[in-house]
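Before anything else, here's the structure in question.
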Amino acid sequence: SNNFFLLCGPCAIEGEDMALRIAEKVIEITNKLEIPYVFKGSFKKANRSRIDSFTGIGNENALKILKKVSETFDVPTVTDIHEVSDAAMAAEYVDVLQIPAFLVRQTDLVVAAAETGKVVNLKKGQFMSPEAMKHAVQKFKDSGNDKAWITDRGTMFGYQDMIVDFRGIPTMKQYAPVVLDVTHSLQQPNQSAGITGGRPDMIETIARAGVVNNVDGLFIETHFDPANAKSDGANMLHLDNLEKLLTNLVAIRKTVNSL
Amino acid sequence: SNNFFLLCGPCAIEGEDMALRIAEKVIEITNKLEIPYVFKGSFKKANRSRIDSFTGIGNENALKILKKVSETFDVPTVTDIHEVSDAAMAAEYVDVLQIPAFLVRQTDLVVAAAETGKVVNLKKGQFMSPEAMKHAVQKFKDSGNDKAWITDRGTMFGYQDMIVDFRGIPTMKQYAPVVLDVTHSLQQPNQSAGITGGRPDMIETIARAGVVNNVDGLFIETHFDPANAKSDGANMLHLDNLEKLLTNLVAIRKTVNSL
Amino acid sequence: SNNFFLLCGPCAIEGEDMALRIAEKVIEITNKLEIPYVFKGSFKKANRSRIDSFTGIGNENALKILKKVSETFDVPTVTDIHEVSDAAMAAEYVDVLQIPAFLVRQTDLVVAAAETGKVVNLKKGQFMSPEAMKHAVQKFKDSGNDKAWITDRGTMFGYQDMIVDFRGIPTMKQYAPVVLDVTHSLQQPNQSAGITGGRPDMIETIARAGVVNNVDGLFIETHFDPANAKSDGANMLHLDNLEKLLTNLVAIRKTVNSL
Amino acid sequence: SNNFFLLCGPCAIEGEDMALRIAEKVIEITNKLEIPYVFKGSFKKANRSRIDSFTGIGNENALKILKKVSETFDVPTVTDIHEVSDAAMAAEYVDVLQIPAFLVRQTDLVVAAAETGKVVNLKKGQFMSPEAMKHAVQKFKDSGNDKAWITDRGTMFGYQDMIVDFRGIPTMKQYAPVVLDVTHSLQQPNQSAGITGGRPDMIETIARAGVVNNVDGLFIETHFDPANAKSDGANMLHLDNLEKLLTNLVAIRKTVNSL
């Protein structure tokens, strides 16, 4: 189809029950709306602002849950990696590897991810121009893998705000399929308490602007109880609001496809 | 209708023939597409980077041409004002006064515009947050006029680039109808030659993102020969490309209206 | 001498007594430290965020007080102008005219200021690069006056913060003598209450960085009671702290002059 | 002494001869000027924009050269680490470990560095506020090591420029000794060729502004042939210019110490 695809799930894998519960609900919606779906969950949160923040339930535990989601529902999965040694390990459990935005300039990590042969989702650094992603994709391809995606997750705007530059979508589509991460694009970092804030009221605004501009995929973190999620509660979409959002976006994409 | 309205015309009034020619063509298109139309033209370019840049054909000459366009085609017109004394003068010739972005913090100018009783289009300063426009609108209303519009024309991003923050549309719609100026939002200021650059290839990207988010109006500068226009040639849309652009945008807005 | 000069005084002329009291105290300090001094006061605050903010005591009243300060203490004075007609009027009362940062791209205003034959202090727009001030100075010189100064008052950094780019000092010294406005460089604009905030604790940090880099002048707003000043209280230096600050800065400049 | 200390050396260890040659010359200067000195060299360049850029001569080779420099001249050394496993390895060869700016949010890396017991230099991310470094230092101290330094290497300003916010020096001195990296603060990233540009003409401007504000240390990359250096040639100071620069800075610091 000409629809966008969706990377969606909780920020972190907090346990098996929550992962399966979220996957089941998202699949019900994406099946109805004919949206290709990839279940997303981090096996480890590596860059929390504070050391007492939740970082995960153990790497192997979390990766096994990702595998279980995949097998239970027959959906592909995506998770992010942080060190070279994570690449081969995670590749045994998931279908898509993701390079976090802070790490996309680390050549060894990009090369290690490429060498797994998996699809790899390269997140544009908050400090990078859309044009600079050309070099990240080139490094990746030079490692013998041409299945790169690029994800835009916003750009620093002053110290405590992020902004999405929609000129980046047509620019980066020249290099690889482009995903718009509506969750992290709405972060407000460097807040004084050491906890990243956000603007979840703007999720549909940002998502619409991406879909109307032919973004290839969307990345949305969701939870059935964002206020009690162990990370990124400030920006996750409540699972109850996902169907209405996606229904609107699919209608917009259909119109765009007809132009 | 639920369609967006359009402020459109050349950057500057260079003469009567060109003004009538542009107006006639735009009206033909907007009539077909049922887009409420306001003819736009500056009677004076007051803030050029260099003193040898074109600044106009004379205030009264240009204002009379705006009047002629209005009478010839029965369309409202808009022009920008720069000093207190311009307000009453321009109000005799046009229907909508516009406060340039650099000047929207000048209280006397906003008050003088308000006191004409006309609709006034307040352009958000490139250095202002969407939220700060609340205060500009409040000053205007405190002067006894509640017919304000707000126009977003982008925000400074570093020294030589601008970015459109689409979070600003729902934010500013709380204060007044919001117009998206796709022409100036794509400027690239402070270039070394003293001539502002631009990204006209991104006009449709920015316009779609606005229309899909229910912006009330669009502002587009157009010319039948942008390369030889006397100002802002770097960003004006070629008149030949206007109909296709607007056709796409109207289709998107119709879908959005149905959601 | 090789010392920096100082533009200093209250934000706005609130009355004769306060103006004379501030001038007398500053002169006592600058005489002791051999700092060339220009008394600064605005006769009108033209760009307040809110309409209920203090805007002045009447143009003529305030200008006469500036004249009185000048005559009483035999010091030059500086004030800012906002419309073309202000230029000739203010030039009858003061020695230096100042173009506010928001207005430095308004060609007519720059030309009118130049035509008075006075020294004119062009403030770099918060939205301008240091390099772009070359064009502002050129416009000024093309109007037959070569007595321009450039003042840096910081650059927008995100919506709610400003930053001083010290690369601008050597850059702009190529075009004209450069003044560093430590008061407004520390503003934090676009705060939600419509009242500009600030970081007065950083005045000495910014001033030292300017003086050690051979800035030609400093601009400092001061008041004997900043908390009750009618404008810009958030950033003005308490008059009691001025002598210690300037003493440190003069010692630094002497060392720099010896290198 | 009350002097600043200096981290200085080539960007990358290209070989033993060049390392010894640079160290010898810098030591001659710092001995004369009584500047505590730490020899700096990267054993690996991990985040080059392009895959064909030079990344190093082999980790062990380069680390042994760092050790040789240390033993030959009895100076401490510093190098940067990129993965958890680098921490213990590099700690066997050098005295100070450095966390690159892109990686300072990676908790595991900061913890691994802390656990070596070495002094660790945490570089402020280009995307972080000075205040956010409080959390990085706290993570470090929570790992049982209180010998952290913070280095400012500039902050993103638009896509292609960096700016140094000197308010950050007094702010970050509350958390740990602060070093100013004048070399990387002057980078101009995201250039279209995939090669980072720079403004080496501004080195002294930035360094003076730091020294006059009591920065604890300076970080300067130098080479006897910057144009032919294998990385960062755009910003490295020519070794021939180091003595004059440091002489000026020491004179400034002495004056500041006397205030």
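Here the chain labels run A, B, C and D in written order, and each chain numbers its own residues starting at 1.
Following the convention adopted for this analysis, a contact is a pair of C-beta atoms (placed from the backbone, for glycine too) under 8 Å apart; a residue touches a chain by one contact, two chains touch by 3 or more.
Because the structure is predicted, anything quoted here is derived from the model rather than measured.
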item: Neighbouring chains shared between subunit B and subunit C, ordered by label; value: A, D
item: Per Cα centroids, the chain farthest from subunit C; value: A
item: Fitting subunit A to subunit B on CA atoms, where both chains share a sequence, rotation angle to nearest 5 degrees; value: 180
item: Of A-C and C-D, whichever chain pair has more C-beta contact pairs; value: C-D
item: Between subunit D and subunit C, distance of the C-alpha-averaged centres to the nearest whole Å; value: 37
item: Approximate Å spacing (C-alpha centroids) for the pair subunit A, subunit D; value: 33
item: Distance from subunit C to subunit A - Cα centre to Cα centre, in angstrom; value: 48
item: Contacts with two or more other chains, residues of subunit A listed in rising order; value: 155, 157, 159-160
item: Graph class of chain-chain contacts, one of line, ring, star, complete, other; value: complete
item: In the complex with subunit A, residue positions of subunit C that touch it; value: 157-161
item: For the subunit A and subunit B complex, residues of the former touching the latter; value: 155, 157, 163-167, 169-170, 199, 201-202, 205-206, 208-209, 211-213, 248, 251-252, 254-256, 258-259
item: List of subunit C residues in touch with subunit B within their complex; value: 46-52, 55, 82-84, 102-103, 105-108, 111, 125-129, 131-132, 134-135, 138-139, 142-143, 155-156, 159-160, 189-190, 192, 194
